[in-house]
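Can you read through this structure? Questions will come right after.
The chains carry the letters A, B and C, assigned in the order they are written, with residues numbered from 1 in each.
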Amino acid sequence: MTGEPRTTRFRLFGLALLVLGALVLAACGDDDDDTAASDGGADSEAGDDSGAAEGGGDFDVFALLPQGNDQPYGTTYLPPMEAMADELGINLTITNSQYDADKQASECETAVAAEPDLIILWPAVGDTVRPCLEAAKDAGIPVTVTNSDVNPEDQDLTEAYSGPDTYGQGVASGELMCELAGGDEIGIIMINGLTGNSTAIDREAGFEDTINEQCPNVTILARQPGNWNKDESQIAASEMITAVGAENIQGVYAADDTMVAGAIDALKARDIDPSELIITSIGNTFLGNPLVVSGELDGTVFQSSSWDGEHAVTVAYEVLTNDPDERLVEFMPSVKVTADNADDPSVAPEW
Amino acid sequence: MSDDQGLVLTSQRTDLIGRLRTTLARRTEGRALALLVVVAIGAWITEPVVFTSYDVTLGRIALIGLVALGLTAVILMGELDLSVASTLAVAGVVMASIDNLAIGILAALVVGLVIGAANAFFVVVVGINSFIATLGMLFFLRGLGFVLSDEQPVRLSNIEAGISFGKPLIGDFTPRMLIFIATFIAMQIFMTRVRVGREFYAVGGNRQAAYDAGIPVRRRIFTGFMISGIVAAGAGAINTLERTAADPTAGSTVLLSSFAAAIIGGILLTGGRGSVFGTLLGATSLGILQVALTLSAVQVDVQNIIIGFVLFVAVITDPNSLRAVVGSARSYLRARTAPQPQS
Amino acid sequence: MSGHVTDERAPGSGRPIIEADHISKHFGGVFAVDDVSLTVSPGEIHGVVGENGAGKSTLMRVLAGILRPDNGSVLVDGRQLEAGDTRAALDAGVALVHQELSLVPEMTVAENILLGSTPSQAGLIKTQELKQVAADALDEIHVSVDLDEPVVRLSVALRQFVEIARAVARKPRVLILDEPTATLTPAETDYLLDMLERLAERGLAIIYISHRIPEIFRICHRVTVLRDGKHVDTVAIADTRPEDLVDKMVGRELKLDLQDRREAGEPGPVVLRAIGIRAPGVNDVDLDVRAGQIVGLGGLVGAGRTELVRAIIGADLRSAGQVTITAGGSTTRVTSYRSAVAAGLAYVPEERRADGLALTMTVADNVALPNRHQVSRSSVLLVRRIAELAKRLADTVGLRPPEVQREAGDFSGGNQQKVVLAKWLGREPDVIVLDEPTRGVDVGAKVEIHRLIKELADTGAAVLVVSSDLPELLDLADVIHVMRDGRVVGTLPSELADEKSVMSLASGETGAMIGV
């Protein structure tokens, strides 16, 4: 763990030095220069423009993402994506709007202007992508969606979706809860994601539907949003414990590993041993996986960022080469992770 | 008896080149212009699409620049308005929450005016430093945006109107660009030809002198903050229309880029120096740079490094800063080379 | 211009246009202006002189309606002015040219001249009219400047003239100038004085403040002398001599202070030596300070004393000159402030709030700042040692109340100054430079600070003191260098120095060097 961020930091630092050096040279060389600004960092694949491609299966593709190396998920999402693109002969141009919908919209305009063969879209804010989709459609550029799907009414403007089955993840976490409860009458508390966020809504619904169908013996005593944040989740959990009484709680569900870590801290702060409770979540991250190994977290659902990045490209390639009639949907398998398989290399955490 | 004692300013050369040189020397936009030329040439060489699809570039410039234009009024008075981005978000949410589009837009603009007036109230009447007052407003509005929107994007009731708003209106120009251009012209006239606007420079350049000359300084500060507020709210309304939904988290990158545009444009953060035209140049440089870097697939982190560097260049090439740098370098060297008697 | 100048006799004898009637104004407990009356007639140039702090500027600000007096009133043309109302004063025709420039740097000459009264129609500026009025005002004072030039690009002198044009553009009947020549060259001064005479000939009443006695004698008809806020005398210039004027300005009888004037012992070797110092505002100054000696720097505000001191200690850049400090058997060349401090120098700046003290830190922490080595072990500060050191030094300087754990900002001005001294005493400096050590300090604290400075010299430190307070300088210094226009114009050993001799040198009334 310690080695990894350090090398990243070194690499970033090196890159920064390189760019600065180029810029300084440029600035000294007086006039014909700041070019180096773009050159310095652009040596990857500038996708030197539209018309050129078409030839030997080479495609130009823009990927409009709301995150990149600035977030743990994006950091492990990008390399498999780029590797797969290389393998399939796709020139990728990747943008990062940092979850600013306006910036992503502007990047979308830029992408449309560059006339690529396809645009991969990971919506920064699902409700705001309609104009981008329409612009792409007007320009005859197909759009595929990755990681989080667009709203149902916008789906016919896109050719494909690949990414986690957010409802299915909730279902898988619910199934884990049911198995572990084994028919006992138990009460649990529920910590959800950011209110209104589609992933949060889907996971909540998937979990709740499963509980209701498969194990009505599990009762949700209280629910609160933890906003995908550890501290807020800890506060929410603590409040709920006070509200319903610690003795009535036999289980906890949190919509992701970060929040479940907060909930576990809240339990510990009340001198409640988390391993005595049935706790499930979603993610299997660097934070969640060790909790499963240590037994504090009983089960989680693997969301693989590498699968996500890789399939964004393969699905795009499928659309480019086969032009399917139907909208293509490829869900990430919702692999359950418990103490039994937590050490298995196939579910090694990625982010 | 000493009328010819050299008290006539001799820098007045009347030939064309002399006049041109004087005019250039008087402007504060020189460095911003030079930077723009450099950035434009660079972009032309690496990514000609920046210019062939100029409408995209213009759209980006308008996105960055609109808020910066309003902000310029405040900065020229030596104050700061950190609440512009949150104003943009809240105004968007208010607008999208109202079913009637026209009333919604009107409400958004009123919200902007009220926020501006509130900022000015804290700065002028309560006497809080504008950095702190508008920082407080930033947090307050961000929270308010979440509360009003129930923490989720608010969809416009009339999505079709929004989508057609994003389409070109005259030639390749979308309504956003036209509004941006109109705002620029209005602000430029206001700050150069209108008495109230010109007096902003006095408020920022020498506030005591402005007071002494009988300029109503407090009223000018109110006006400035309200301009900044209404322009930011207008930008929020435009964004909401174009995206067909208002996002309470909107504007996360707006605050920094609008300040960056103003600074690159040669506006002195302590007030009194700069121009609306400078801000336009700054926003144009920044817009071209961002589009070119996006097309070149430069990662956003690296983009930020480059933009930071451009900002740095813009600031240290200020003649005053350069003089300071040269001065301290010279004294350092002199100290180094001076022989040290037995110590 | 309502010129009642039918009276062809000497100006100043006509009906007064402006009257100050028993004006008093105090700040805190001190009367800045104490029951002063003054009248000026159309066509008269009326000089106002006095030492620093005599109340001249305060009186002028009252006349211009910027300050509201505690007592008394201002009458223009026999009508009483609304007190403290700048607009009313302007409308009545009273225009003040400020001592510190009040132009807006980035606005043009024309805009500055009409700042606050820009001609406009429906909000839009009438550019033609603006330029016409500005051009007329400049014409009136015979100065030619490009109207579109931003003021920031003008020389200091031209800015001063633009400032005057601004006052003139308001068509005043009374023009007040507060030390307009402080920043001008002799040629520019000459020009300005001619201009004022021309304006007066056309019936304008002018009130002219200057430290420079020769200027007063050149253009003024009458002169009023202020001292310690009080009116001393108003005389026709024809009836007085420069020496008499200086006498009246200084006025004091010999002070009690002089009784414990220091018995200067045999001064030791030269510790601080400055040769050929040039810097902005400083023109080729040589200076020596010996061990156990107190050297005073006298002169008027703007004479270049602070600039000289800062150039000597390396706090500001010098353009020429060398400074050495010889202490503990070695000689160090001062190339920067750091090197000066390392060589054993301590500097107590004029703006102690800005430069000398961290007001939100405790006295103990302030005292510890320059004494880090004494109170730390392997760069960790030892709280107990800080407290001990602070306690000891607080006793030495007589801090009241002697609570070293209170924030420095809680103490009175005098006690803050003691803290600044305590800071440096802890280092036992070889050279100590003090700029205005007792400005804004009450009398009790002043006596103690003087005692401390003398004790420092007695223990062998070389002391350099800048002071505008003449009695203080006379009390402390063994030798006084008097500065004017960036040069040392005279050097007085303590036995030859008195207020009059220093003042004459400082104001340029006597130009000759008085022997060393």
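Definition applied: a contact is a pair of C-beta atoms (placed from the backbone, for glycine too) under 8 Å apart; a residue touches a chain by one contact, two chains touch by 3 or more.
Fair warning: this is a prediction, and the values are worked out from it, not measured in the lab.
Peer 1: Hop across touching chains from chain A and tell me the fewest hops that reach chain C.
Peer 2: The least step count works out to 2.
Peer 1: Taking the mean of each chain's Cα atoms, which chain ends up nearest the overall Cα mean?
Peer 2: Of all chains shown, the one whose C-alpha centroid lies nearest the global centroid is B.
Peer 1: Can you compute the centre-to-centre distance for chain A and chain C, using the mean CA position of each chain? Integer Å is fine.
Peer 2: Measuring from centre to centre gives 68 Å for this pair.
Peer 1: Suppose each chain is reduced to the average of its Cα coordinates; what separation in Å results between chain A and chain B?
Peer 2: Each chain's C-alpha centroid was found; their separation is 34 Å.
Peer 1: State, to the nearest whole Å, the distance from the C-alpha centre of chain B to the C-alpha centre of chain C.
Peer 2: Chain B and chain C have C-alpha centres separated by 41 Å.
Peer 1: Could you check chain A for residues that touch two or more other chains and list them?
Peer 2: none
Peer 1: Any idea which chain B residues touch chain C in the complex?
Peer 2: Where chain B meets chain C, its residues are 1-3, 5-9, 11-12, 22, 25-26, 28, 193-196, 198-199, 201-202, 205-206, 208-210, 212-215, 272-273, 327, 331, 334-335, 338, 340-343.
Peer 1: Within the complex, which stretch of chain B touches chain A?
Peer 2: 35, 38-39, 41-43, 45-47, 49, 53, 55-56, 59-60, 63, 150-153, 155, 159, 162-163, 166, 239, 242-245, 247, 249-254, 289, 291-303, 305-306, 309-310, 313
Peer 1: Give the list of chain A residues in touch with chain B in this complex.
Peer 2: My answer: residues 12, 15-16, 19-20, 23, 26-27, 31-42, 44-47, 49-50, 68-70, 92-103, 105-107, 109-110, 112-114, 125-128, 130-131, 134-135, 194-197.
Peer 1: Sort out for me which residues of chain C touch chain B in the complex.
Peer 2: Those in contact with chain B are residues 66, 86-87, 90, 98, 102-107, 111, 115-118, 120, 123-125, 127, 142-146, 148-150, 153-154, 157-158, 161, 187-188, 190-191, 194, 317, 324, 330-333, 335-336, 339.
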